[in-house]
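Shown next, in structure tokens, is the structure this report addresses.
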Amino acid sequence: MRKVLIIATLASLVSMNTLAASNVGANKIIKEATAAYKQVAKDTSYQWTVSVKAIKAAQKAYDAGNFTAAEKLARQALDLVDATRIQARIEAKTWQMRVPK
Amino acid sequence: MSSIRIKAKERKGVVDVKTLMKHKMETGLRKGKDGKKIPEHWIQEVSAESGGKVVFVAALNTSISKDPYLSFKFVGKKGDPIKISWKDSKGATDSAETIVK
Amino acid sequence: MNRRSILKAAGAMAIALITLPRMAFAAYAEKAFKNKEVDSSLNELFGSNATTPSDEVKLKAPDIAENGAVVPVEVSTSLNADSIAIMIKENPNPLAIVADIPPGTEGKLKTRVRMGKTTLVTAVVNSGGKLYTASKEVKVTIGGCGG
Amino acid sequence: MKQFLRSAIAGVLGLSISLVAVGGPEDDRLAFKKYYENKFPDTPTEDFANGVYSILPAAREQWEAIEEFPPYELAVEEGETLYNSKFANGKSLVDCFGPEGAVRSEYPFWDKDRGLVITMERAVNECRKANGEKPYGWKKGKITAVTAYMSFNSRGQEVKVEVPSDDPRALAAYEDGKEHFYTKRGQLNFACADCHMLTAGALYRADTSSPAFGHATSWPVFRSKWQSMGTLHRRFAGCHKNIRANPYKAQGTEYSNLEYFVTYMSNGLEFNGPAARK
């Protein structure tokens, strides 16, 4: 019985720990995504509407205590920012190919 | 400035009347910024008279487009007066008069 | 407001105009306009919903509406029309407009209407108490950049 | 991006020096015009000023029905009143643009003193500000009424935008607008040129995309979708939102330069605004 209790306590501690970690982790990734979002706007002079939407949704989930969803959305935002950057890099090299001669 | 614009042109004894009336024509189905439905408010009746004679009367529903447009033809001549009036669902009215060209 | 009363009212208005500076309006046919079905709306309006399709009624409306909020519709008829109505079947209230055609006015009506989705549009011409129609399906597409 | 822009401009300038004016705005324009003439051989050149209706007969019929009594006439009338109404200091827009304001073909232009593109909307608001009045909003409302009135009085004037060769900054602004037009943006990965040039006339879901040649002639526009009047920059912003790119500020450098480029591309056509569009 005592063993069971100890295990249960340990398990709950572990789960509390992971909860705390998610909290911090989600917050960190949201901050990362926000910074990346601002930086890509500076670098490329433009931005995708969906990136900021994802960041806002992440913040909203975070405020509601839904850290798993918050982290997932923030990671999505990071992906979108990455894609924006790649698009800009490709376009800087290729846009002139569309100009009729 | 009247809410009603009239163009009336005679050709071969027939007057072609075109009129555009500035009115929101709220359907009652649209939602405002506060998420609440905007109450219906629309022009219900339009009538036209020329030289003391009613030449056209129409009753409208909310499904007539914003700033209602109506066009009809009646037997008349250049120089005839034509007066168009409307009355809306709140009892407001307006009228305008012009001379057939 | 059936066909007769709208006409009567129009006549009354013409007389009233001689004495009154402002034009008076007939009673609005609330029941016909708030109706949800074409047939019952016709009943309210004309006291009948027996209609006959006729080549003498011409209805001009687009195959595909550019924008459902502004669809140009034109009805014309060679019949001796007392009144012309436009019905938009799939709208919440099908009756869009009914116009009185006094003697000396041509059987012609042009306007712009709203339609929420793809629907049958019917022009109804009341001539001597009989209803003649022309119908056409107008497609309403939503989406893309302009819809 | 900015660095790239600089190098692009340097490249173009370099080219024009080494190959004598190859790749300049005028060559761009001729190739641009030819592209649309080849793509839509049934459309008379001057008809491109009518937007998508120049290539879509079924839509054109509805448009003509709207043009019978166009909704923008109400804006023109309102604009006439605003145009002639006195500011607090007793002056009016008449003092800036003459009795009818028929100055459409003077805009947009490159202002050498200030080093920026001046659009007609900007000129109207600057006139107001210079006379101690509040500027109008940039996208809809009174600005469109006033410019509708001015454009209406200017109908038939030729589009003749100039990129002055004695000011390299003018060419830089033109090139910036050009790069903007051909660069893919947004999550949907579209350049202006994708919809309105390479696949102009194709269906995007339910809509046919309009040719960009002639795009700039008809503003302001009463758009059925808006159920109101709007400026060209309002439309730019709407297009960007459609492709899920953040829009730029109306009358900011980006849209002003884009207007400079697309209007230049329509040189030789006639100004025909205001207009009704889907």
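Note that the chains are named A, B, C and D in the order they appear, and that numbering of residues resets to 1 at the start of each chain.
The criterion applied here is as follows: a contact is a pair of C-beta atoms (placed from the backbone, for glycine too) under 8 Å apart; a residue touches a chain by one contact, two chains touch by 3 or more.
Given the structure is predicted, the values throughout are model-derived calculations rather than measurements.
The two chains most heavily joined by C-beta contacts are B-C.
Measuring from the averaged C-alpha position of chain C to that of chain D gives a distance of 40 Å.
Centroids built from CA atoms put chain D at 38 Å from chain A. As a whole-number value, the distance joining the C-alpha centres of chain A and chain B reads 56 Å. Remark: chain B and chain D have CA centroids separated by 34 Å (rounded to whole angstrom).
Among the residues of chain D, those in touch with two or more other chains are 68, 227.
For chain C, residues touching at least two other chains, in rising order: 69-71, 110, 112.
Of all residues in chain B, those touching 2 or more other chains are 66, 69, 71, listed in ascending order. Every pair of chains meeting the touch criterion is listed here: A-D, B-C, B-D, C-D.
Interface residues of chain C facing chain B in the complex, by the touch rule stated above, are 1, 6, 9-11, 13-14, 17-18, 22-23, 25-26, 28-29, 33, 69-71, 88, 91-93, 95-102, 104-106, 108-115. On chain B, the positions that touch chain D within their shared complex are 1, 5, 7, 18-20, 22, 66-67, 69, 71.
The part of chain A that touches chain D in the complex is made up of residues 41, 43-50, 52, 80, 83, 87-88, 90-92, 95-96, 98-101. Touching chain A in their complex are the following residues of chain D: 1-2, 4, 8, 28, 31-32, 34-35, 178-179, 182-187, 189, 191, 193-194, 197-198, 241, 244-246, 248, 254.
Residue ranges on chain C touching chain D, taken from their complex, read 62-67, 69-72, 74, 110, 112, 141-147.
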